[in-house]
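In what follows, chain A forms one complex with chain B and a second complex with chain C.
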Partner chain A sequence: MEKKELVKLWPALVALTIGAAYVTALLAAERQQMIITLLVLGIAAAVGAAWFGIWDAVSRSFSEHETSMGIFTLAATIAVAAYFHDNHFVLLLVITVLLYSVATLGLNVQFGYAGVLNFAGASFFGIGAYTSAVLNSQPGFPHLLVLLIGGFFAALAGSILLLPVLRTRGHYAAVVTIAFALLFKTFLEVNDVLGGPQGMQVKGMNILGWSFNDNIEIGGVSLSFYMNYFVLSLMLLACAFVLVRRLERSWIGLNLDALRLDETAASCFGIDIVRWKITAFLIGNFLIGIAGALFGMVGGFVAPNNYTFADSLILVSILLLGGIGNSWGLMVATIIVVVVPEKLQTIQEYRFLLYAAMVIAVLLFRPEGLLPRPVRQYFPGWRP
Partner chain B sequence: MDAGLFAQYVMNGLMLGMMYALVAVGFTLFFGVLDVIKFSHGDVLTVGAFTALATYAGMRALGINSDWLELVVMLVLATLAMAILGMAIARYFVMPLRSAPALNTLLITLMLGTVLRESVRLFYPQGANPKPFPALLPRTSFDLGDFNLRVDNVLMLVSGILIIVGIQYLLNRTKLGLAIRAVAQDEETARTMGVNFTAIVLVTFAIGSGLAAFAGVMNGLYYNEINFGIGLYLGVVGFSAAIIGGLGSIYGAILGGFLFAGLQTIGTVLLPFASAYKDVFAFAVVIAIMAWRPTGLIREKISERV
Partner chain C sequence: MSALLEARGLMKHFGGVRALDGLDIGVTRNEILGLIGPNGSGKTTFFNVVTGIYAADAGQVIFDATEITNASARSVYQAGISRTFQRSRLSLPLSIFDNIMIGNHKRLNHGLWFNLIDRSKFKRELERNYHDARALLEVFEPGLAERMFEPVAGLPMIDRRRIEICRALISAPKLLLLDEPSAGMTHDETAELMDDILLVRARNENLTIIIVEHEMGVIERITDRCVVLNFGRKIAEGPYRAIAADAQVQEAYLGAA
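On to the complex of A and B.
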């Protein structure tokens, strides 16, 4: 117990505070010059921190005090949202980050742990969103249940792909999911029941008469209606994060790691490859589907063009930038990938191009991602 | 169904099959020499088609009006440019990652495809919209009963066959072909026999990418329209065609291309709601084929090296 105290909490806490302040400044900045200056400063600070070895100290203290840091991160997120409590646009952006994080956590279970490829992430996200579009229009249908059903349908659609995904490997499996992504978008476009290329409206969340789409007044302070969604999204992300981290640290995560690193060796040790691949694929799709269902309600609108193959590749880019398998890293990457093009309007149109180029650069020069996944900690305080 | 309509379907199927086969041969060649799947192959096709279109616009601006001259220059330029692009991709993106996990190669070629596709969409004038492709081949046609035999289709089919025969000849009768086959069979032995591995890989990528450019121009001439997404579609279809035939075998790829086109044509004829769902059907067939025969009709010999 004495040894554990050697790693201080404060470096991680300071880093988190600076990070939250930085994100707040970035979100609040309106003028393009200001935003560019902030971005350049951010990059310089990150590179500088890496140069002086501050990064190592921060990440060590972070992993040592993960539970408390998780709570502090929650608090920081709430603080950022509270600062923008009446700003619709910024809150929508924050919610997008939260829900994309949930989706990439799902993708992380598939890609990062089990090594099951999925290049149709946006399609499963879309399945969730379309589920909420259809079910929310049914009167009297409990909307919280819609989230679960969205996840369930995404997992169900994923299970159609299970047979080809299990029978194929590597490049071949990639083609199956790519074909599904293309199929899904074409299907939505030619299908009249689901609104065709124009898409559909989604009714807002309504729990027991409490409509999420009304602004809130508390003691004279008016809050944006997005605050409702923010709270729900944050709860969802917290649950998903805890689930994924527990999964990673448990024996299931160990099985999945073994499976990813060497299928043959894993099966020699008696790990049921098929079973764990199915588990990882379905859990991943379930998380993506739930995030999609809530995102459909937040946006109030679904259309095939939001769930293209290019969007799936954006999700994969997030994963790769963050460092495959590192749940904390991918949340940082989500902030970068979602927020930067929204704030820097000039690059909005070029975002697919930029992220593809960025991933190529990462693969060529830093294949383990910006924040590589740390070595598994078998015991608290244990260091390899 | 009467004979004329039937012949029409067969002709359409053959044209589609020829395009798929040309793309599939590229996949098979790359897989042969480097054991990688190059997912940017389809987008190289797109860039090739757009290069041809830009060449056409340039020649029109210079006041050249001969259809044949334009076509030849377009084909030569597009093929050469894509051959160089293919070599560059192999040299700077695929080969440096040879020792990395397979996932990285897959991702880098996927993202490279995205870069090419998005570049066409963003930087070609109005690249986001479908572009009309000039009909440069003679537009005469013969009426054989109900069947309308178009001369341009026949010409494209014949030139496609000539190209494939040429590739066959190159691979089986020339020294270069021998070297390519040697590298495909065993890289190390080929090296010890004095084969310049890097050069052979680059040449193979040049050939495959040139074929893609040819297929892209053919696609444009056939539909009289191109858009930035054709490559993604033809890439996925061509890849599945290569898999049906078994990756690594040229004959297999050609067979797979025509088989896939046949399936697609039959699907269009048999399913009443087919016209709108044509592409959905095609992708469903891709997934079904992968589930049924994950490594092709002619099975790949699987042996794990542990």
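On to the complex of A and C.
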């Protein structure tokens, strides 16, 4: 123990505080000029920090104290939400970031670890959302259970879809998911039971009589009803994050890396390629489905146009941007991809163009993403 | 003296090419068998057929009194055969430790509960395996054992070979197949690696090795016996000195006089 070199906690903590303050400022800013200034400042600060080697110190400190930093990140997120406690719009944006993060964590298990590309992320998200639309209207059906069922259906659909092709090598699976993404939207549009092109209303969450769609009054302070969803989404993200992180830092994560990098070598060391690919795909889809089910309840409405192939591409672009395989990186990327176009009204129309440019730039200049995945550390700060 | 591995009449054709053409090979327990022959004589194909990468067109492979003809790569590994590859096939972005652990697959617990929930138990297994891997790597290169959590990508070829051999040895196989371990290395590096292999064998009486190699110096130094292949058939067999004097072997290598 005494030989263990001391890596200080404060660089990561300072970086997190600055990051949280920055996101708060960005979310609070209304005037376009102000937002543009903030974005330019943010980019300059990030580049400057990299230039002066500050990132290295921060990331070392972060990975060494990851458990504490996880708790601080939770606290910071709660602080941001508390600051905007009565602002419906901002809270909805924060919830979107949280739930998209859960979904991209799922994609990360599939693509980042097992190497199975999923271009139907939004469709599986949609399966979760439609599950809550249908089941929430059944009187007496426990709504928390609906989340699990949403995840289950997404996993089920995924396994039916991919079982036949996972045995083949190459990117057949990716092609099948593209076909599914296109098919899924058409299926919803022609299906009258599910509301057709107009979609369906989703009843808000109600747990033991506590309705999530009512504003909250605590000691004279009124909170937006979105605070309910915020708390639940944050809990979901925390669980999903711990699960995915542990998965990566286990023999299972090692199996997935081995088969992604070299299937032949992996099978020569006894790794059951099909079994682990399917396991990864099921776990990933389960997370995507749960996130979708909750997102359906948050929005109160589902329609085929919300779950298109283009939306799936956005999820994949978050993964590419964040750093494939890096769970922290993809949460940062989710914030960028969800918040920036929403705040910067001037680029709203060009947002797909912007994503495309961003993905191309990343692939060209930083192919491992903004925050590349570090070498596996089985436990934070573990030195045997 | 019982055979650990026996191939009988092994055939493997690729289109019109007879990579293996009725090959018979027997390997005795605890011996180091050299497999030599000109390029394209079927040495690597033999390894690939035995380890389940290719299916044989005809013939039999018997390992440890069990038939493993056309068994999957997974079950061959489970039965106790490990290998290295001619072109090093490590997972470059992963650490040294991760790469060695890939080879230890059959001795690790892959349960979801164990890996995701019961982390204290997982940590104990992790630490036990860390010490095993470290001890094995120290036989080859103590310097590498200090760098277990560095990615393999930055290491020179000799270190990659060492790690590849550790990956094959960590699961304590009965039979180790080495496919041209000297490829891409200098003369001195090769000599060093062979010393290490002999040391590992000296410590482990139950290890049998088949080595494919073009460096005749290596073959002469470490093998107990050699089998010479040409056009997918065995053309000679015996100790290196006898083989080297064999007219048929010389013809295969140098062409007819």
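The definition used in the following text is that the second predicted complex is superposed on the first by the 366 of 384 C-alpha atoms of A that agree within 3 Å, B and C clash if a C-alpha of one lies under 4 Å from a C-alpha of the other, contacts with A are read in each partner's own complex, and residues count from 1 in each chain.
Keep in mind that, in the parts below, contacts are C-beta pairs under 8 Å (C-beta built on N, C-alpha and C of every residue); 3 or more make two chains touch, one makes a residue touch a chain.
The structure displayed is predicted, hence computed values, not measured ones.
Colleague: Tell me which partner A:Phe187 touches in the superposition: chain B (first), chain C (second), both or neither.
Modeller: First partner only.
Colleague: Let me test your reading of the model: by the given contact rule, A:Ile347 touches which partner, first (chain B), second (chain C), both or neither?
Modeller: In the superposition, A:Ile347 contacts neither chain B nor chain C.
Colleague: Is A:Ala265 in contact with chain B, with chain C, with both, or with neither (first, second, both, neither)?
Modeller: both
Colleague: In this superposition, which partner touches a larger number of chain A residues, chain B or chain C?
Modeller: The partner with more contacted residues on chain A is B.
Colleague: Using the touch definition from the top, say if A:Leu243 reaches chain B (first), chain C (second), both or neither.
Modeller: second
Colleague: Pick one for A:Ile360: touches chain B only (first), chain C only (second), both, or neither.
Modeller: Once the two structures are laid over each other on A, A:Ile360 reaches chain B alone.
Colleague: In the superposed arrangement, which partner chain does A:Trp251 touch: chain B (first), chain C (second), both, or neither?
Modeller: It touches chain C, and chain B stays clear.
Colleague: Is A:Arg376 contacted by the first partner chain B, the second partner chain C, both or neither?
Modeller: In the superposition, A:Arg376 touches chain C alone.
Colleague: Which residues of chain A are in contact with chain B in one complex and with chain C in the other?
Modeller: Chain A residues touching both partners: 264-265.
Colleague: Touching residues of chain A toward chain C in the complex: what are they?
Modeller: Answer in residue numbers: 243, 246-247, 250-252, 254-255, 257-258, 261-262, 264-272, 375-379, 384.
Colleague: Which bits of chain B are touching chain A when the two form their complex?
Modeller: Checking each residue of chain B against chain A gives 36-37, 39, 93, 96-97, 100, 102-104, 106-108, 110-112, 114-115, 118-119, 122, 232-233, 236, 239-240, 243, 276-277, 279-280, 283-284, 286-288, 290-291, 294-295, 304, 306.
Colleague: Using the touch definition from the top, list the residues of chain A that touch chain B in their complex.
Modeller: Where chain A meets chain B, its residues are 115, 117, 119, 161, 163-164, 167-172, 174-176, 178-180, 182-183, 186-187, 190, 264-265, 309-310, 313, 316-317, 320, 349-350, 352-353, 356-357, 359-360, 363-364, 367.
Colleague: Write out the stretch or stretches of chain C touching chain A in their complex.
Modeller: Residue positions touching the partner: 51-53, 72-74, 76-78, 82-83, 85, 89-95, 98, 101-103, 105-106, 108-110, 112, 115-116, 119, 122-123, 126-127, 130-131, 149-151, 167, 171.
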